[in-house]
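Next come two complexes, and both contain chain A; in the first it sits with chain B, in the second with chain C.
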Partner chain A sequence: MIKQDLNALEEKSIYIIREAKLKFKNIAALWSMGKDSTTMLALARKAFLGKVPFPVIHIDNSIDFPETYKFRQDLAKEWNLDLIVAQSEIKPDLVGSACCGKNKPETLKKVMDEHGFDALIVSIRRDEHGVRAKERYFSERDKDFKWDYKNQAAELWDNYSSKLDKKGHIRVHPLLDWNEIDIWSYIKQENIPVNPLYFSRNGYRYRSLGCTHCTVPLRSEAKTIDDIISELETTVDEERSGRSMDKEREMVMQRLRSLGYM
Partner chain B sequence: MVDNSEVKKAADALWKEQNEDNWKAFAKALKDSNAEYYKIVFANEGKLNRMQDLTKSYAEIYDAKYHQITKIPIVRNEGKKVRGATIYLVGLQVSNRVNE
Partner chain C sequence: MIVKTVALLGHKDHGKSTLIGSMLMQTGAATQVRIKEAEAYSKKLGKPFEPAFILDSFHEEREQGMTYDTTRAQIKYKDIAFSLIDVPGHEELIKNMISGASYGELAVLLVSAKSDEGIRDQTKRHLFVSRMLGIERLVVAVNKMDSVEYDESVFNNIKNGLIGFINRIGFRKEDVDFVPISAYNGENLVEKSRNMPWYKGSTLIDAIYGSFENARENYSSGALRIVVQGVIDQERKIIAGRIISGRLEISDRVDVLPIGKSATVKEIIVKGKSIDAAEVGENIAITLDNDIGSEMRGNIISKVGSGPRVTDTVNAKVFVTGSIGNKPSVKFNGIDVGCKGISVLDVIDTTTGEKTEGKDAEALNAIDAKITFDRKLPVENYTVLKELGRFVLYSAGEFAGIGIIED
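Presenting the complex of A and B:
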């Protein structure tokens, strides 16, 4: 993993967030309380003089880690976030990709309809997964949240398409160019608070956070951000190797994302 | 010395009946106890294929020396709706220990 120029990454992400705020009437951001979406909120605060100027949505299926709930509670208060908690019910088809492919997008759809959001900031990165690498900075979803990844506009000279199918929405991805080491380096540089689950206890830590039932910790002794960065410089494991849904079937992430998963 | 009998009693009440009052009583008792860590144990070795696999899952609660205090269900039934209950463990830390 190569460390990139943090100033250049920050500048581009702030530009994208400001463009999105300017181009859309009613924009919101998804916040999973993970390192990426929290970094995105820190960038939004920097872009708008210390205040996140849009609502922040947490799709809560009610079995997240207790540390995640505590982190949500504390940071929402500290950063004065306009937090929308969209509670999803646990349904019989709860398992792995069925949960992420159906329960979460359905809840998101409901909350977006209720509030009439026309754009959604999502903190995915290209290096996380091959399918996420196919994304654009501004990516259109139709009214059913479907993503036509074979038919996307080119984004030349920092011009982003904000044209919208009447009932669809645009997903805005300000962190596409970042990699995992960049995120951790920026967290260190800006002193951004992070979920304590990322740090090792009893020889294990969580490298990518999801719900309790589909996320497992990985062996690690990384107790500080510096330890994590050193670990990432030599690891050969994938970032999402602790996420069960990614392992179910080949192309499962492509299928999930085309159906509206974040 | 902190007495953990209240949190044990509240957990027993939850296994008998999961209603809002019992959950609130448990959350209060947990704050007053010396619980430090939790470990979630999923039924069916974590391969959640059916709803029963989830409703049979539970969280074990430990003190600072990793002595188990009690265990509670991690799914609550609200009439016909089923919801998770991990939010009631806020304040505890994941144990990450493989063999307690």
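Presenting the complex of A and C:
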């Protein structure tokens, strides 16, 4: 995996996060308590003089890991986050991608309507998935959260789109350029707190964190951040290989994203 | 590791996505999962294995065999990583091509050697646009050499057919390489092909690598220019912006344009820390000793008396992608600015590079135009400082082209 220049990545992300905050009236960020969205919050603190300047939303289906809830509580306090917990209800008849494609976007829609958010920062990266790699830094979603991926706005020269249909919103992707190994190198450099589930216990660790129903740990002996970085330098596996919904059918990520999934 | 960006250019179906897919496989950058997935989908469509599917991730792209939107993938070679930017070749998707290619530092142009393909309008138009986007170095990959029995004369004909145009639109001879390849078979990409012994030059990846090695560094003039994003702390009047040229120190006397006020820099904060001086490329937060007000977005901060020119009228070259109407608007350093008028001085045929008679700005042509904005803006000529010399054109809210300020 290619390790990029952290300073350049950091500058670009700070620029994008500032653009987003200054362009929109009412912006929020999604925080899953995972490594990426937590890194994004660390970058937002750097951009805004030590304080995350927007509310952070956790779409909580009540089946996240206990470690994840503890991490949420501790960091929200330490970083003085304006945390919005959006409770979603798990329906027993919806599993896997049907669950992610329906519950999460619906709950998100509800919380965005309630608060009138016009933009949402989402910490996806290009190297995670081919479909995510097709995203812009600023990406339009219509009122039904649909992503019109066949007709995306032009985006160049640091002039990001803020075109909104009346009830739609803009997804902002400040981490698009980062690779998984860059995230870990930055976490190490900046001493950013992370969920303990990322580290190996009894020969397994979580490389990508979702809820308890759909995430499985992968075989790994990486017990420290340095171990994780060396593991990633040589790995031939996909980051999301422990996320069961990605594997159900072909093209599931495209379907999920076109439905409003993050 | 240093990452350099490489934009793929060329007419549809000349092999851009296939080339990147093959490069990812040959350099070991594509995971087995993604290769297998591309294999399975090729099979499902009843096609031979298509390396382009590693990039083309939408099912529409795969089923229709075309790239809809730009994407990127990285490979490593020696001590440099390359971020390969794929773009669509269809002319109706030119806005996506521009979005992708705008991030390129170098271009690789694909031209198919097949007798019914060859040099096409989009081949040349992409080159024209890439020059406007500021790309200075070019590798022309003559693709599908396997389909013409690796015939040297086909390669030479394409080379001779393009070189005049390439030079006319402003690429320097020493900045252009030609490499005969087969993207699908992986020939002359990373390893030399045995089927083209007549070709003595570098493989494609060595040509790309070499052109970055020989790159001239583009230092800006050094005059301080900060693009202001806005005020991030109303109480303490902290201004956020990015230094696009020069260096800023505490106690510098600065002008804020076009507002037209002067002030002294009191404090500079970079990534949360107070520092004495900041450099080009840094995103800064500063306080001044004079209240400039809160409506600062899009202003330029410079050293006192040495700022950019402030004007409401510019002469610009504009590549037109759609109807521009009488009163387009532009995005310029993050702000939206209306235009009072735009008058066409010349029309440039982007497939020949030649100026033609005409006053109509038709899509896919370029124009020399005089544009009057509805307010005064701090601008520089594109050749002096690109960030202050370029804009994105919109008409009725729709993307309509890109422009560079020439005077």
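As a working rule, the second predicted complex is superposed on the first by the 261 of 262 C-alpha atoms of A that agree within 3 Å, B and C clash if a C-alpha of one lies under 4 Å from a C-alpha of the other, contacts with A are read in each partner's own complex, and residues count from 1 in each chain.
Basically, contacts are C-beta pairs under 8 Å (C-beta built on N, C-alpha and C of every residue); 3 or more make two chains touch, one makes a residue touch a chain.
Please read all numbers here as calculations on a predicted model, not as lab measurements.
K.L.:
Answer with clash or fit: chain B and chain C placed together on chain A by superposition.
P.N.:
They fit: once the shared chain is superposed, the two partners occupy separate space.
K.L.:
Tell me the contact category for A:Lys21 with respect to chain B and chain C: first, second, both or neither.
P.N.:
Only chain C is touched by A:Lys21; chain B is not.
K.L.:
Go through the superposed model and pick first if A:Thr212 touches only chain B, second if only chain C, both, or neither.
P.N.:
After superposing on A, A:Thr212 lies in contact with chain B but is clear of chain C.
K.L.:
Touching A:Leu49, do we find chain B (first), chain C (second), both, or neither?
P.N.:
A:Leu49 sits against chain C, while chain B stays out of touch.
K.L.:
Would you check which partner chain A:His129 touches, where first means chain B only, second means chain C only, and both and neither mean what they say?
P.N.:
So A:His129 only meets chain C here.
K.L.:
Mind telling me which of the two, chain B or chain C, contacts the most residues of chain A?
P.N.:
If we count touched residues of chain A for both partners, the winner is C.
K.L.:
Quick check on the superposed model: minimum Cα to Cα separation from chain B to chain C, whole Å please.
P.N.:
The answer for the closest chain B-chain C C-alpha pair is 22 Å.
K.L.:
Chain A touches which residues of chain B in the complex?
P.N.:
Result: residues 38, 40, 42, 46, 48-51, 54, 57, 74-75, 81-87, 89-97 of chain B touch chain A.
K.L.:
Under the touch definition given earlier, write down the residues of chain C that touch chain A in their complex.
P.N.:
1-3, 29, 31-34, 37, 40-41, 44, 54-60, 68-74, 76, 81, 95-96, 98-99, 102-103, 133, 229-230, 232-233, 238, 240, 242, 269, 271-272, 281-283, 285, 297, 331-334, 387, 390, 392, 397, 399, 402
K.L.:
Where on chain A is chain C touching in the complex?
P.N.:
2-5, 8, 10-11, 14-15, 18-19, 21-23, 45-50, 53, 126-127, 129-131, 133-134, 136, 149-150, 152-160, 163, 179, 236-238, 241, 250-251, 253-254
K.L.:
Give every residue of chain A touching chain B within the complex, in rising order.
P.N.:
Those residues of chain A that touch chain B are 61-67, 69-70, 73, 87, 89-92, 94-96, 196-197, 201-205, 212-213, 217.
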